[in-house]
Each structure stands twice: as structure tokens, then as C-alpha cells.
Amino acid sequence: MNTFGRIYSFTTFGESHGPAIGGVIDGMPSGLKINLDRVQAELDRRRPGQSALTTARDEKDRVEILSGLFEGITTGTSIGFIVRNADQHSRDYEEMRTIYRPSHADYTYDMKYGLRDHRGGGRSSARENISRVVAGAFARQALETMGVSVYAYTSQVGDIALDKDYTQYDPQLIETNPVRCPDPATAEHMAELIKQVKADGDTIGGVITCVAKGVPAGWGEPIYGKLNARLADAMLSINAVKGFEIGMGFDGVSHRGSEMNDAFVPGGKGITTLTNHSGGIQGGISNGEDIYFRVAFKPVATLLKEVVTVDRDGHGTLLQARGRHDPCVLPRAVPVVEAMTCATLLDAALLARTTRL
Amino acid sequence: MNTFGRIYSFTTFGESHGPAIGGVIDGMPSGLKINLDRVQAELDRRRPGQSALTTARDEKDRVEILSGLFEGITTGTSIGFIVRNADQHSRDYEEMRTIYRPSHADYTYDMKYGLRDHRGGGRSSARENISRVVAGAFARQALETMGVSVYAYTSQVGDIALDKDYTQYDPQLIETNPVRCPDPATAEHMAELIKQVKADGDTIGGVITCVAKGVPAGWGEPIYGKLNARLADAMLSINAVKGFEIGMGFDGVSHRGSEMNDAFVPGGKGITTLTNHSGGIQGGISNGEDIYFRVAFKPVATLLKEVVTVDRDGHGTLLQARGRHDPCVLPRAVPVVEAMTCATLLDAALLARTTRL
Amino acid sequence: MNTFGRIYSFTTFGESHGPAIGGVIDGMPSGLKINLDRVQAELDRRRPGQSALTTARDEKDRVEILSGLFEGITTGTSIGFIVRNADQHSRDYEEMRTIYRPSHADYTYDMKYGLRDHRGGGRSSARENISRVVAGAFARQALETMGVSVYAYTSQVGDIALDKDYTQYDPQLIETNPVRCPDPATAEHMAELIKQVKADGDTIGGVITCVAKGVPAGWGEPIYGKLNARLADAMLSINAVKGFEIGMGFDGVSHRGSEMNDAFVPGGKGITTLTNHSGGIQGGISNGEDIYFRVAFKPVATLLKEVVTVDRDGHGTLLQARGRHDPCVLPRAVPVVEAMTCATLLDAALLARTTRL
Amino acid sequence: MNTFGRIYSFTTFGESHGPAIGGVIDGMPSGLKINLDRVQAELDRRRPGQSALTTARDEKDRVEILSGLFEGITTGTSIGFIVRNADQHSRDYEEMRTIYRPSHADYTYDMKYGLRDHRGGGRSSARENISRVVAGAFARQALETMGVSVYAYTSQVGDIALDKDYTQYDPQLIETNPVRCPDPATAEHMAELIKQVKADGDTIGGVITCVAKGVPAGWGEPIYGKLNARLADAMLSINAVKGFEIGMGFDGVSHRGSEMNDAFVPGGKGITTLTNHSGGIQGGISNGEDIYFRVAFKPVATLLKEVVTVDRDGHGTLLQARGRHDPCVLPRAVPVVEAMTCATLLDAALLARTTRL
């Protein structure tokens, strides 16, 4: 399935080495003046080649909007967009036609479909994220009119982790370093680790923390469309993500209810909570506090050293990946996490309008 | 939204203190002889009052199947079912009409809908799990004809955690103790902790590990319906769940790709992997290995001691919850985790049939 | 698929001779005081045994609401309901276990599912309409708060047809006769025809006209969820319906654009049209004028005389249907057409709220 | 909503005078060698400027496939495609920025969205059909591997109608004339009428008949996804369609059940029917006979003569449409009807695989 969302939804297409990546955004409300430069700027944050920490591929990734805007304003009709592929070195991938890279999607695609476009990962390439970032960038501009802002940052690379919670970091500092970590000193250590891993032809995982501020109480469906479940679905749909936790998450399980409960207190604009261990969602519905969650990324599967694997016929073989690959996806995954969060929240915002008579 | 699933799907209804809980299962393939005793047996596993560790509420929870079976065999038509509510002490909840329990869904329901059935948690009550368990029990019987089995167990309560991975435990031991932990010695410690927490009028969280064996390669959608994303969505839709991780999950982020990749090797029935850090899913699609994941449950919000909170008007107040509540939901959540997993997998199995020409 | 609708949706279950018929309504907005007597009254309009024109089966069809209301008001949670089956003469249907009634769903169910509940038509029985009527009755009460009213009437039985358009008939007269035709003189002729057809052991078809007043401009999706397409989908989902036309429909094709176009003119509350050949929908979206359409019902397939047919093995055989059947479904289908229209319109109303920023 | 279908589905975008029209096809099974020339050939059948009967606009409408094929074979991933717009005379439409064309979607779009792209009809333009034709052309090639073929033809223009049923006409003759009518003599009369109407600056409607052969018994959902309901939904989603009837349709209502029932008889490959008044679908499920239905198109709303109408402010005004428009859409709508039928049938084919255990 290539569609995400119920009302604000998007449907994507595109293989890494095909003519283009793109998609269709549906359910965008009418009447919003769109800043297309900001949409492009989000894509630029995801683009490879931004720093020495990421792949050297030079992808321009210029988005072309094909519909849905009239004189710069959303019309409520679907928004088609494409990003042409370029700078492809398809020959780098010829071996992968018959050889399965370990922990990649090569084997499972073959088992599911009986064939696959092996060039550059084909449909399973992280270039698919381009479409998510575009859909998220539109959603973000709609959310801003509702007072909602979303940011994410790299909170862990390998075993180097930020040790304080999100409230202790200044989001303004995230973009000051190529790791996208709001603590510059830690960012430097992370950068060192990534460079070292890269020098070894290896890869490393990490954690991204995401925060949504300004979400009013009442968004999210209470049973199967719980807002936390939608966010988990959104995050686990991103390549390499292996875990999701909201609020206190896994750490909360060892505490008692009397420690974990968020006491209600009278607040400025109504009722608020003293603490926010819940991460802004209770019973699947936002409670007006900050929403925050953490997303675990495994290390990238494609190593730049020779690995033992098998081919389609099950024969053992050696594989030396050539292409150009990130030693660590975290820095470039930050805008993807933000994008999926924005799309999920705008969908919830629109659904929330249907709730009361 | 009260529906889960695309092809094999179910839609539920019911409040804790209303006349009944129930639902409709859609997309159940025709031609399966159903063992209704086993469906009821699953419900009995979820039922309160099974042991001293759980609430003393005595809920019979007899399921009545209203359609979709003919002479004991599924006909492919929708399966309606109800479970009558009984043993309700609605008066225990009168205070909660206007008072919000901390970290419960009382406040968010009111903010979303403007009113709520406050008795026994209303729609947000864990009694809604009854419908999930029924839908999962049907799915399980269909999956068994495909060679798929699913089990879950309590792997952590508070800070008492099993320290080995799932392959080191015998699933036959899970039901030998009321905690549903396959290590009897650890189970006893967990039971002690739960009793102690209960004596304090407090609650405690924990982790459930779930394993699916026999899933063939090729189930799951590669982009937005990734099998891991659907499982995360399913798990986060369960009350009190705050985290999900598959395979090595959060622990995997600090390892290098060269350690985490699962090497392919020629296997008995085709290609297999030497390790299974991926948890049986790569690129969103099952790879034929065991699927395993962990689910974090926060401590139950309802404490049996006086707490400070606010009422609808924002005035501070004290609340002494009366009703009967679990100090720890883990033991009774095990069948719910299994049920949601079974429903998710059967849906994926049916969708997988549409993949190839 | 047993679900209808996107936001206001309902999922149904139940076979004619099983324990019960029922369903779950989802997406009902919160805060509506429901008149349950009016819900039951809609069911009574559909009930068999109302007059000499319909089957003599005496079905009480008492609806039991199981959830979603609190102190008589909708809470926004799903509404479960059941209607117990009774007065079943399952033995009347024993022959149909292996024999296919011509133009009925017996054969196609067997071809699709490999088995079926043959008693009383099983899932293909018109008793499934009970669930539609309940879902429509709830929708109608929500629509009334928006100023929308819906009514339908029998406009043709066999070749006896009303010759004027809907604006020429007083809807108050519809319920004054058992045919549900607003022209009492024509109704009498229709009744005569039905009695004669019944005496012959035969059946007869007809047309129902449906009108929705007060729908504001702007409901309906412009491309694939066109309001007229949703209505057509809704109508063709009713047993025995073979045609749908909106506005001038098939008659409009032989006219020229200059005759058929509805000229805009300044109106009391804005812009209105001089004529309404479009039937209140243009470009898939309501334009504020009356919505009206016609629905063609074929004659009931089950005849009360001996017919030649085949059995499961393809052997020719004779069938003498015994049960009790309507010679003409039109009178009892009127509330079903209204119900499906109400559900479709409420869904469109809620979706329309998500359109503009 | 810009998506059609459940498993085989497509999502479209594009305004008449924007950069491009296009879409994304999802759920296309893998392993099909696609003949792209045939896809383009379907588009050419829909293209304006084919004959003197249609608009003089010269639209090249070359489809570019952007993904989903690898070495000419479907991979099971989504298929993105675009068709660049060209030959636009946007200035012809400047007046329509503020003036509402009668019976067009101008007014309803404004009421729904608050603004619209007025150039060439914007999103409501019949150019959106391009995307349908592409999606249908892919579906047709998949259906052919299942032995299913689909054709449609113009059976009525104004009051000139074919008087025999579809079995009496040779589908090979459809493309022998620009009207796409399989009876050449009648086609000539229809062509005369269209020319005369065009000379008057007027427009005329008509009827298209569509036939699907080779559909096996068992496709279609029995309750809300009835195959006939899905086809009605598909047809009414096409611009200008005001009616749908299947099998005997509206004509069947005046006949008795004993005349209309299709007697089962032992057939070559199993059970067949003596007649086919049902149009190949019984109880919502295909019965293995030919599926045939009729679709009513109203005359095109845009006249090439001056008409009285109103502007956005409700002031009366005169409008002289300039652009280039079809006097009769029937000939070019034939491939659109076929396309929507093919997409609907392939979706039903794939869903049918999930039916039995």
C-alpha cells in the first residue's frame, strides 16, 4: 500500500533509479497560501551531500508541483508533485540484481513479488522519503495556522546519547550542526563517531526524538485510531525504524502508577498537568500538553566492505557494495520524522472536526 | 474509529457499564470449522478474577456468536458477536462523572466529545479488549491452517525482567503461573511485586514479548502498510501501551551494521538467516524467520488510594477510586497482545494473495 | 464487505435465520439527543405483515441499542445494536440447501464462498435491511439538526406510474396508503395490481423516487466521491435494485444542453437555479437545490409457484418455494431507500467540514 | 477524494490548465508484461481532435510512466504517471473567474472550497479522465490474462437509439466510425445530429452501453461492495453521467418475476442461465454470464452561444463561452467507461482471492 492517512493523505510512487519520485497529496484544505520555498527547504534538509557525514551523492531534488495550487493558494484539490531522479550510477548496482544484501529488502521483495528493480534499492530506497517530506511540508504550513509546531532532533548515535529530556534543549540549536543534535558538544562527539564508523566501512544506528507543541486537547481517535498508534504506524513505516516509545515509554514500565500519573491542576487556559509522563496523549487523544516520542533507527544495512551473503539461487557469495551510502541515517532522517508527524497530526486535526454535532 | 484491519477487519462497540460489549468481524474466509470452545477459552484468559493478582471483579464474559457460521463453519459473511456486561457496580463510579482521574481518558474524552459515559471508564474501559480477543481467536484458527502460531508472555514487571531472549524460554510454561511468565522462578518474584504494589494501593507496569512462528516470507506491504508498522499500530492501540520495538529494537541502535545485519545462508527450505536481529521483517515484509517484538505497558492509572486531581470546572479536589482494579495489567494483557497480533497477521496473509498476477 | 460509509459509517451482520441481525454505527457525532421511538418507528415501516400487500410473516423487529448513548445522548462512541430474529420457519427452506432459486443469490454465494446458509436466504435476505434502517434513522435525526429532510415514495409499480414530478405530490400523503404512493388514486391501482400479481403467485417490480430537501451547497467530493456516485452506490447496494438516475436521468439524454441547463438566478439566500434538471448536484457537489433521484427495483425473484431450475450438481429440478414472500418489495423498500440516503448525506456532511482551512 | 478502488486503486491529480494531469496506480499485481503502446492507444481514443465531431483542441496527451515497471514488467510497486498539459488557451476562460456557467461545477466548487482554478474547468475538467484511462488500460491488460474482455459503445445520441440489445451488434464495428456505434447506419444518423447540434452552438446527450465478457462467477462483495454498486459508483463518478442501469434496468420494473427470472440450466462449463435479464450479477456477485449495463450522459453544459447566468456576487450577466468544446461527449467517453469498468473489475478480481480459506 502506497497511501498514508485518512483525510489528509498522500500516495507515493517512484524507484531510486527510475525517472522520478513523487506523489499525490489528498485532503489538503483549501485557502492556504503555500510557501513553496519552505517546501523545497525541507527537501534540502533531507538531501544527500549536505556534509561530510552523509553520502556524497549529489541529488538536487527539486520538487515540481503539478496541481492543487491556484495563484499560490491551495484549492482543496489533490496536489501532484514529482522530483526527477538524477546522478544515478545504476551500474554500481548490477551485482545486486541476483545477490541479496543482508538485512535489506532485496530478498523480501523477491519473495513477495517474484521480481524487483534492484538498482539503488528500487522502491525500497530511502529516496521514497522525498515524497513524505513534501507531504509533511504542506501539512506543516496548515498546522502552523492552528498554532502547532513540530521539531525533531538526533538524541542518540550509537551509544552517545543526550541524557536530559527534550525540555532541556533549545530547538534553535538543532540546525547548527550536521548531526542535527541540539547539544553542540554532544553533536561533535556524535560526528566523530560517525566519521570513524564511515572510515571502517561500517554503519551505526541511533535515536531521534520528536516534539509537537500546541496540539489542542481532543485530537486522535479513542480506540483504533489512537493518536499514539497513528504516530507509531507513521514512524515504523520509515525505513530502518525498529522502535517507538511515547512519553516515558519503556522507561516508564518500572515505575509505579503513583509516580507515573500526571496530576491535573488548574491551568492558565483551562486544565493542565503537573508532569507529562504520558507524552501528551491519554486514551489515544491529545490532552493539550506537548507530544513527544522517540524513534529507534537500526544501523544502515548497506556496508562499504565485503560481506558474505547468498544469491537468488541460494548459493553463498561475496558482495562488495559500491554505490554511495550513509554511514548513519539519523541526520537526514530528522526531516522525515518531522514530516510524518506533521502529516499524522493534520489528519487528526481534520478528523477532529467531525466529532461533535 | 472503531475498526481495525483492511481485509480481515473488525469493528467493536460497547461501554463497560452498558448492556453489552461486542463487534463485527469482516473478511473471515469461508470454509473454516471453528472451535468455539477455544474462542471462549481465550476470553477466559482475559477475564478478571483469575487469580489473586488481578481484580476481584467476577465477569463471566460468555461470548454469543450471532452470525457468520453455518453448521459450525465460517461462511465468509460477517461474524457478529456480543458479550453481556454483568456484575456492574455503577455507583462506585458516580464521583467520576465530574472528576478526572489522572492519566486516564476521562479528561480527553470530555475535551473531544463534550460528554462521556463515566461509569467504569465507559468506552475507554479495558473491557473493550473482549472484542479484540474474540476477533483474534477467530484469526488464530485461520492462521493455524497456514502453519502460523502466536504466543506472548510477560517478560518484565516493574524492574524484574527476564534476561534472555525469547528462544531461551519454553512457551509451554507461560500458562503455568498467573503472571504468564515462562520462567517460573522469575514469575514468582513478579507475583510478589504485584502483591506488594497492590497492598500499597498502587500499580506497576511491565513488558510483554510476543512471538509469531511460521509466517512465510512475503507478508506485509513495503511502504505504508509495513508489517512492523501494522504491528506497532495494533499494539499502541491497546490501552496503557507506551512503546513498541521489534527485533533488537532500541538496543540495536548502539550496535554497528556489521554486528546487526542478519547474514543470509542457504537453508533447509530455501534461504534463511544466521541471526535474527531484524525480528523477522525486512523492508516491511516478513522474511520467513520468527517475528518477535516487545510491548511496553505503563502502570495502570487508577490507584486505590486518594489522589489529588481536578473536576470538570477545573477546581482542585480529592478522589478516592472505589471500583475494583488490576494493580498490574500485564497478565491479562497477554491474550490481548496475542489477539491483535493474530488479527494483524491474518489481514497480511489475505492481502498477500493479491500481490502477484 | 459489510461496511458502508467513510466517517459516518456502519457495519452490519446477520443471517435471516440466525440468532440476530445487527450492526455497529461509527462516526455518529456526540451531543445528539436520540428519540429511540422514532428509530423503532422506522423499523416498523420496514417490518413485514403491515398490510395485505406484503408477506404475512410477523416479525416484531425490536431494536436493542447496546452502546453509544449515555442518558439518551450520543457520546461519539460506536453504537452497537441487535434485532433478534423470530418467527422463523427454517424447514420451509430445506430444499434450498441444494437447489438454486433463479435470479437469487443462492448460486453466486456458493460460487464465491463454497457454502452458504440457505435458510431464508441467509445473509442475502432482505432482513439485512433492518441494520440499514437503524443506521439511517440515527443519521436522519442528526441531519434534521442541519435542516435536512429526506423522504421517498413508490412512484411506479409494474407499468402503473405517477406521471408528474415530485414537486407535484404532497409527501404527507405517502403514509396514507400501504403502497406508500403520494397519489391515493394511483396507489389504489397499484394495490390492485399487487394483489392480482400475488394471486398469480408472481411478483412485480417498480420505481421509488427519493427527495432530500435542505442540503446546503458544498456537500460531496468532486472526483471519486461524487455525491451522486455515493448515492448510486448506496442504492445499488440494496437488494433487487437494477437502476439509478438523478435529476432528469435517462430522460435528459435526448434533450439539448440549452434545454437541460439550469440557469442561475439571484435567489433569496444567495444564488439559486430557475430549473433543477441536475437534481441538486453539479460536478459531484450539492448546489443547494432539492436532490431527487429514482431507483429501479426488479420483481422479487422468489415466486410462489413451481419453477424449473438446477441443483448444486447441475441437475435439472423443480422448485416450489414455500416460505412467505412479498409479491412486491416497493412499499417496504421505501424506508430502506430513505435510510441509505440519510446515511450517505450525513457522511457527506461530516466530510464537508474538512474541506476548508 | 481523489482515489478510486480498494486493492487495485488509483489516485489522480491535475487541473486542465496546470502543468500536468496524472496519478498513481496502486495494487497492480507483479509479473505482467505491459504493452505501453496499447496504454497510449487508449489515451488516443479519448483525445480531442479525433474527428469533426469533437472539439478542435489538439491535445497530444503523451503518457509518461514514472515508476512501477522494471524492464517492461510490473513489479507490484505503485505506478506513477503524468501527461503534460499543452495547447492551453487560458485567456479564453478569463471571464469564468467570476462567472458561473450554468449546470457546470463552477458554482459548487466555489461553495465547497471558497475558490477554484477557473481556467478550462480546472479540476472539474474532463481532462481528469486521462488518468482514468491510463489506470483502466493497465487493468485491462491484467484482466486479459484472466480471460476477461470489456468493450463499450455509443448506443444512443439524443433520441437516436439502437433498438436491439448488445448481443445483436458486432463489437468489431465500434471503431469503424467516429461516433463509436457498432451499427454504421445508425452511427451516420448520430453523426448528422451531432453536427447539427454543433452548428447550433448547442450540445446533446446520449447513452453508452458497456459489456464485460469472461468474468467468472464469484466476483463482487455481497452486501455493500456489490459488484453492480461498484460499477454504478464508477460510472456516476464520470462527469455528466446522470443514470446507470444494469441488465434490464428500468425496463425490467414493469415485468413480472416469472418473465424476468433467469432460469438456470446445466451448461458446458457448469451451470448457466437461459436468459440474462440480471446482467450477469445476482446478489451483488457475478454469475459467470455477460455483465452489461447502460450509462446516461446529459448534454455538455458548456454551450457555444450566449447564455444568461450570474456572477460570484449574484448579479445577473451574460456569458459567451469561448474555449473549444465537444457538442457531444459520448464518442470520447466510450474509452472512459471502459477504463472505469476495467479498474472496477480488476479490483473485484483481486478481492475475490481473499474469500475462501
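Labels A, B, C and D are assigned to the chains in the order they are written; within every chain, residues are numbered from 1.
Here, a contact is a pair of C-beta atoms (placed from the backbone, for glycine too) under 8 Å apart; a residue touches a chain by one contact, two chains touch by 3 or more.
Computed from a predicted structure; not experimentally measured.
Asker: Among all chains, whose Cα centre is located farthest from the one for chain A?
Answerer: Farthest by centroid: C.
Asker: Looking only at C-beta pairs in contact, point me to the busier pair out of A-B and A-C.
Answerer: The comparison resolves to A-B.
Asker: Would you mind pulling out the distance in Å between where the CA atoms of chain A average out and where those of chain B do?
Answerer: So the centre of chain A lies 26 Å away from the centre of chain B.
Asker: Distance between chain A and chain D based on Cα centroids, please, to the nearest Å.
Answerer: Computed from C-alpha means, the inter-chain centre distance equals 39 Å.
Asker: For chain A versus chain C, what separation do you get between their C-alpha means, in angstrom?
Answerer: About 46 Å, centre to centre.
Asker: Quick one: which residues in chain C touch 2 or more of the other chains?
Answerer: Within chain C, the residues that touch at least two other chains are 1-3, 12, 27, 30-31, 76-78, 112-114, 123, 222-223, 355-356.
Asker: List the residues on chain C that touch chain D in their complex, please.
Answerer: 1-4, 12, 100, 102-105, 107-109, 111-114, 123-124, 128, 156, 158-159, 197, 200, 202-207, 217-226, 228-237, 239, 241-250, 252-258, 260-267, 270-271, 273, 277-279, 281-288, 296-303, 305, 307-310, 314-316, 352, 355-356
Asker: For chain C, which residues are in contact with chain A within the complex?
Answerer: 7, 27, 29-32, 74, 76-78, 142, 145, 222-223, 350-351, 353-357
Asker: In the complex formed with chain C, which residues of chain B make contact?
Answerer: Within the complex, chain B contacts chain C at residues 1-3, 9, 11-15, 18-24, 26-27, 30-31, 64-68, 70, 73, 75-80, 82, 112-117, 122-123.
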